[in-house]
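Same chain, two partners: chain A is paired with chain B first, then with chain C.
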Partner chain A sequence: MEFIFSKRAKITFVALMLIGVLAIIYGIFNGGEHGHNRLWANIFVNGFFFFAISIGALFFLALQYATEASYMIVLKRVIEGITQFIFIGSGILIVFFAAGTFHLHHIYHWMDPMVYIEFLEDGSANPLYDSIITGKQAYLNQPFFWIRTILYLGVWSYFAYLFRKRSLLEDAQGGTKLHFKNMTSAAIFLVFFAFTSSTASWDWIMSIDTHWFSTLFGWYVFSGIWVSAMIFLVLITIYLKNKGYLPSVNDSHIHDVGKWMFAISFLWTYLWFSQFMLIWYSNIPEEVTYYITRIEHYKGLFFGVFFVNFLFPMIILMSRDTKRSIGYLITVGVIIFIGHWLDVYLMITPGSLGHLEFGFIEIGMFLGFLGLFLYVVFNAFTKAPMTVKNHPFLEESEHLHI
Partner chain B sequence: MHQEAAIRKPLILGEKTYGEITDDVLASVTGKANKQWWIAFGIASVMALWGIGCILYLIGVGIGTWGLNKTVGWAWDITNFVWWVGIGHAGTLISAVLLLFRQKWRMAINRSAEAMTIFAVMMAAVWPGIHMGRIWLAYFVFPLPNHFGSLWVNFNSPLLWDVFAISTYFSVSLVFWYIGLIPDFATIRDRMTKAVPKQIYGLLAFGWTGNAKAWNRFEEISLVLAGLATPLVFSVHSIVSMDFATSVIPGWHTTIFPPYFVSGAVFSGFAMVLTLLIIMRKVMNLESYITIKHIEYMNIVIIVTGSIVGVAYLTELFISWYSGVEYESYAFINRATGPYWWAYWAMMTCNVISPQVFWFKKLRTNIGFTFFMSIVVNIGMWFERFVIIVTSLHRDYLPSSWTMFHPTFIDIGCFIGTIGIFFVLFLLFARFFPVLPLNELKTILKSSGEQYKSKAEEH
Partner chain C sequence: MADKVIYAMYDDDQVLLAGAKQLVSKGIYIRDVFSPFPIHGIDPVIGIKQTRLAICAFIYGLIGLLLALYGMYYFMIVDWPMNIGGKPNEFFYQNLPAFVPIAFEFTVLLAAHGMALTYFIRNWTLPGIQARNPYPETTDDRFVMEIHPHDNNMTADELAQHLSETGTINIEER
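On to the complex of A and B.
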């Protein structure tokens, strides 16, 4: 079935993007005490969050291939559509990192060349010198950072492109050859992603709080990526099903995506708690500073996000019936979608700004990026039929009954 | 009816009928034990007796008979404890998590994996027990009403959380295992001709009738227990890891510990399942049910969890440098190049490097090689715990107390002993219990049995 990108949806998304543009213009002139850091921090929060949804979808797609899972085949085109934001998302991230390189913002402390100079030219001690950051210079330096970033974005985008291309090809030619090729490619992607999802989150996010370190950080960010993708998958599936685009999706499929949203919320909570509890318990100055900043300046938000993202899915989605109920899924989905956006916000802004600043810039830019994201994803839906043909597990997926 | 794609490999080989499945699985229960069983049982019993002797000597004389010293206060004892708890993860993962993921191949292996889990957790519990020195006061670990005067458990201590986590895990695993056994006990009861065994199996079967209502309840309770057991699989080893990670000891305090320990536990658990099942399928002629495909799936789990562990090792190593904390960096340099370098590299080789050979389909479908690898992984995971515990402790903040750990005869004896007891229990299980969930297995015969699959293809 062909997807029709309705005029109403188009107008809505463009209107959202306009709000985003207004928020950016407003932000340029009303940046607050940190100048343009606030504006750029918001570009990164949104740029990363929506990019994360598409990379999460790509991970999930690869996981389906590698594990020979069949139940999601009727949703394969939806997942593929979400992955198609990777290209534009990468572009946004590159703009943000380049702005750092050219010192348009100062979110990455380690990008400041002054912190590496111990003595000034006149022989006096440099007050800006930072011995800890200098110690990390072998890893945190601009050329190496860019090599890594381009590598992650390039390889991830390549796999998004590859899986999409093969999926369309499979519609045309059938057989099982592509299926087995996808299994191999998916395994390669998963291995690459296992390493790079961690290193990317160190490079892009953990290095904002340059002194701080946590071995779990990469997996924690990864769980956030995964759960955000699952929440979006639930919401978009329900929307498309209601519009009649997914005739072979039945209650069992909805139940299964609901289970994923439920289960990965637990994974996220588990990792959030493990990281927090161990640092809080040991109370070692080098580490605990990260949470002290958040508790001093973002207390309500910080703990609120944890409890909302944990308790809402846990209590409401525990029952089998709610995981099959459109109303419950949408309610919980929308709440924790915002909850996980706030989680990204709390990873990025305390290190960039220090204090909590929340207003039109934040909300407007979120809406703007949401509009852009949805526009790109819907546009991707129009490019291919909404149901795959010829996949070896298609019949199994259509007959799913649990 | 449930549809299964043609490209999926069959899970039950040969032209099996329902009756033959029962015959094959119950051959050991209804028949007589063969010679191999008696030889294995004899060796295991000797090891067990030797171990019990050492444990009794330890309890009688004191913890000083172990090689512990003023700096290394935890060594083989806690290494063995964590090793056994880790092994005890595969069973519940297979039965609970794979049930939730609707993996039909779990049916060939879950019964024995769960049995192994229960025995392994029992062996784990031995260690903190005998480590107390005065084992007759072991009940002090429970927060009993305050008749100990001012003595009260420390709720802030992860060691106490361990008590709760492991006992909960043990109880749920046991119930889960037993519920699964009920229909199969009933089958044995109905087949037994001798009066006394019939009576015993009848009691064990709880009056199972096998009607539709009973099966309905059986499936419901399985799902509920799977839901309960899944978070437990995570919690047990997470809390074990917190025994170390809540401290301020370099090499112990690191945030990645909880998920990395869980992954390592599944890794070692699957290795132990493979060690046991590769022998069992041969000795008990179960090759039609525990097929090469099953072994391949388990090897894939091994490579995935082994690689997760590998990523965690590298993350720890990298962050110890990145942190810029001197003590943190030293702990890792000392691990890799200090006096215990051989333990570190044994761990790296066995756990990270060697499982990568399973990327080759030829090797992961080779039974002999898989058996060899499963032993390698078990050794590697023992060394992992040894490395974490002993190398982090033996050179602490005060260089004047730096020392080495030397195991004594009793250290070795107790460890060998738990292996012996474990095998005694497992061999008894293999002799008197249905080693495969034969009634559940029958439910997949028509969708995944070889002859039905090839028939479906002809149509």
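On to the complex of A and C.
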């Protein structure tokens, strides 16, 4: 079935984007005491969050291919549509990193060349010198950072492009050849993603709090990526099913995506808590800095987000019936969607601003990026029929019954 | 009379499933089905209700959670507070993060063991208990349907007549 991008949806998304543009303009003139850091931090929060949804969808698609799973084949085009935001999302991230390189913002403290100079030209000690950051210079330097960033974004985008191309080709050509080729490519992607999802989160997010490090951070970010993608998949599937674009999606498919949302919420909770508890218990000064900033200035939000993202899916989605109920799924989905956006917000802003500033800039830019993301995803839906043809497991997926 | 039972044997699960649907549509009550593996879709056909094991598991898990938390509270706060790495031990909530892993593990332990034991007791298949399946072949490659004539107000012969139309390989009265 062909997807029709209705005029109403288009107008809504463009209106959301305009709110975002207004928020950016407002932010340029009302940056507050941190200058443009607040504006750029928000660009990064939203740019990363929506990029994360599409990269999470790509990971999920690759997981389906590599394990030869059949149950999600009727939703394959939806997942593929979400992955198509990767290209624009990469562009936004590159703009953000380039702004750091050109010192338009000061979110990455280690990008400042002054912190590496121990003595000034007149021989006196440099007050800005930072021996900890200098010690990390072998890894955390700009050329290497850019090589890595381009590598991650390039390879991930390539796989998003590749899977999409093969999926369209499969519609025309049929057979099982592409299925097995996808399986190999997906396995390669998963191995690559296993490493790069960790290193990317160190490079992009953990390096904001430059002095601090946590070996678990990569998994924590990855679980956030995955659960955000699953929440969005649940919401968009229910929307499209409601509009009648997914006739072969039945209760069992909804139940399955609901289970993913439920299960990955626990993965996220588990990793959040593991990181917190180990650092709380050992109480080593260089490790606790991350939590001290958050507990001093963001206490309610910081623990509130944890409990909402943990308890809502746990209590409400535990029973089988609620995972099949559209009302419950939407309620929980919307709440923890915002919860996981706030989680990304709490990863990035404490290190770049230091204290809580929340207002029109934050909300307006979230809405703006949401509009852009939905516009790109809906536009991708119009490019291909909503149900695949000729996939070897299509028949099996249509008869899913659990 | 009342303890007479008819067993119909099949060599294919799909034949049995189709047969069961046919019999139920005629209003015949099937007491039970013995099979080496779960037959997908048989439960609603022969009127088996959704399992309540999940509710049991939840209750056992909750008991485990509360027991673990109470235990930690008693051991570490009330009875013998210890200074472990300078962690606060005056109030329960101050030391709560340290108790979470134990509470989690104990929840899982009680939920898993309780669920397994409930399952075994409910099916009466604890170790050492005589197996109750009428044909040992149903643990290998045969499928057996159990029907009681007095459930259906029919004579055994009438039931056998209906059963023979469903592709059985053997009908036996015991």
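Couple of notes before you dig in:
One rule holds for everything that comes next: the second predicted complex is superposed on the first by the 402 of 402 C-alpha atoms of A that agree within 3 Å, B and C clash if a C-alpha of one lies under 4 Å from a C-alpha of the other, contacts with A are read in each partner's own complex, and residues count from 1 in each chain.
Everything that follows uses one rule, which is that a residue touches a chain if its C-beta (ideal position, glycine included) is under 8 Å from a C-beta of that chain, and two chains touch if they have at least 3 such contacts.
Just so you know, these numbers come straight off a predicted model, no measurement behind them.
With chain A as the common reference, chain B cannot sit beside chain C without a clash. Of the two partner chains, neither chain B nor chain C is touched by A:T101.
In the superposition on chain A, A:Y281 makes contact with both chain B and chain C. Contact with both chain B and chain C is seen for A:H401 once the two complexes are overlaid on the shared chain. Once the two complexes are laid over each other on the shared chain, residue contacts for A:F195 go to chain B alone; chain C is not touched. Among chain B and chain C, the chain that touches a larger number of residues in chain A is B.
Residues 277, 281-282, 401 of chain A lie at the contact with chain B in one complex and at the contact with chain C in the other. Within the complex formed with chain B, the residues of chain A that make contact are 68, 70, 132, 135-136, 139, 176, 179, 191, 194-195, 198, 202, 211, 213-219, 266, 270-271, 274-275, 277-279, 281-282, 284, 286, 392-393, 395-396, 398-399, 401-402.
For chain A in complex with chain C, the residues that touch the partner chain are 273, 276-277, 280-283, 318-320, 401.
Of all the residues in chain B, the ones that touch chain A in their complex are 2-8, 102, 231, 234, 238, 242, 245-248, 253-259, 307-308, 311-312, 315-316, 319, 322-325.
Those residues of chain C that touch chain A in the complex are listed here as 40-41, 54, 58, 85-87, 97-98, 100-101.
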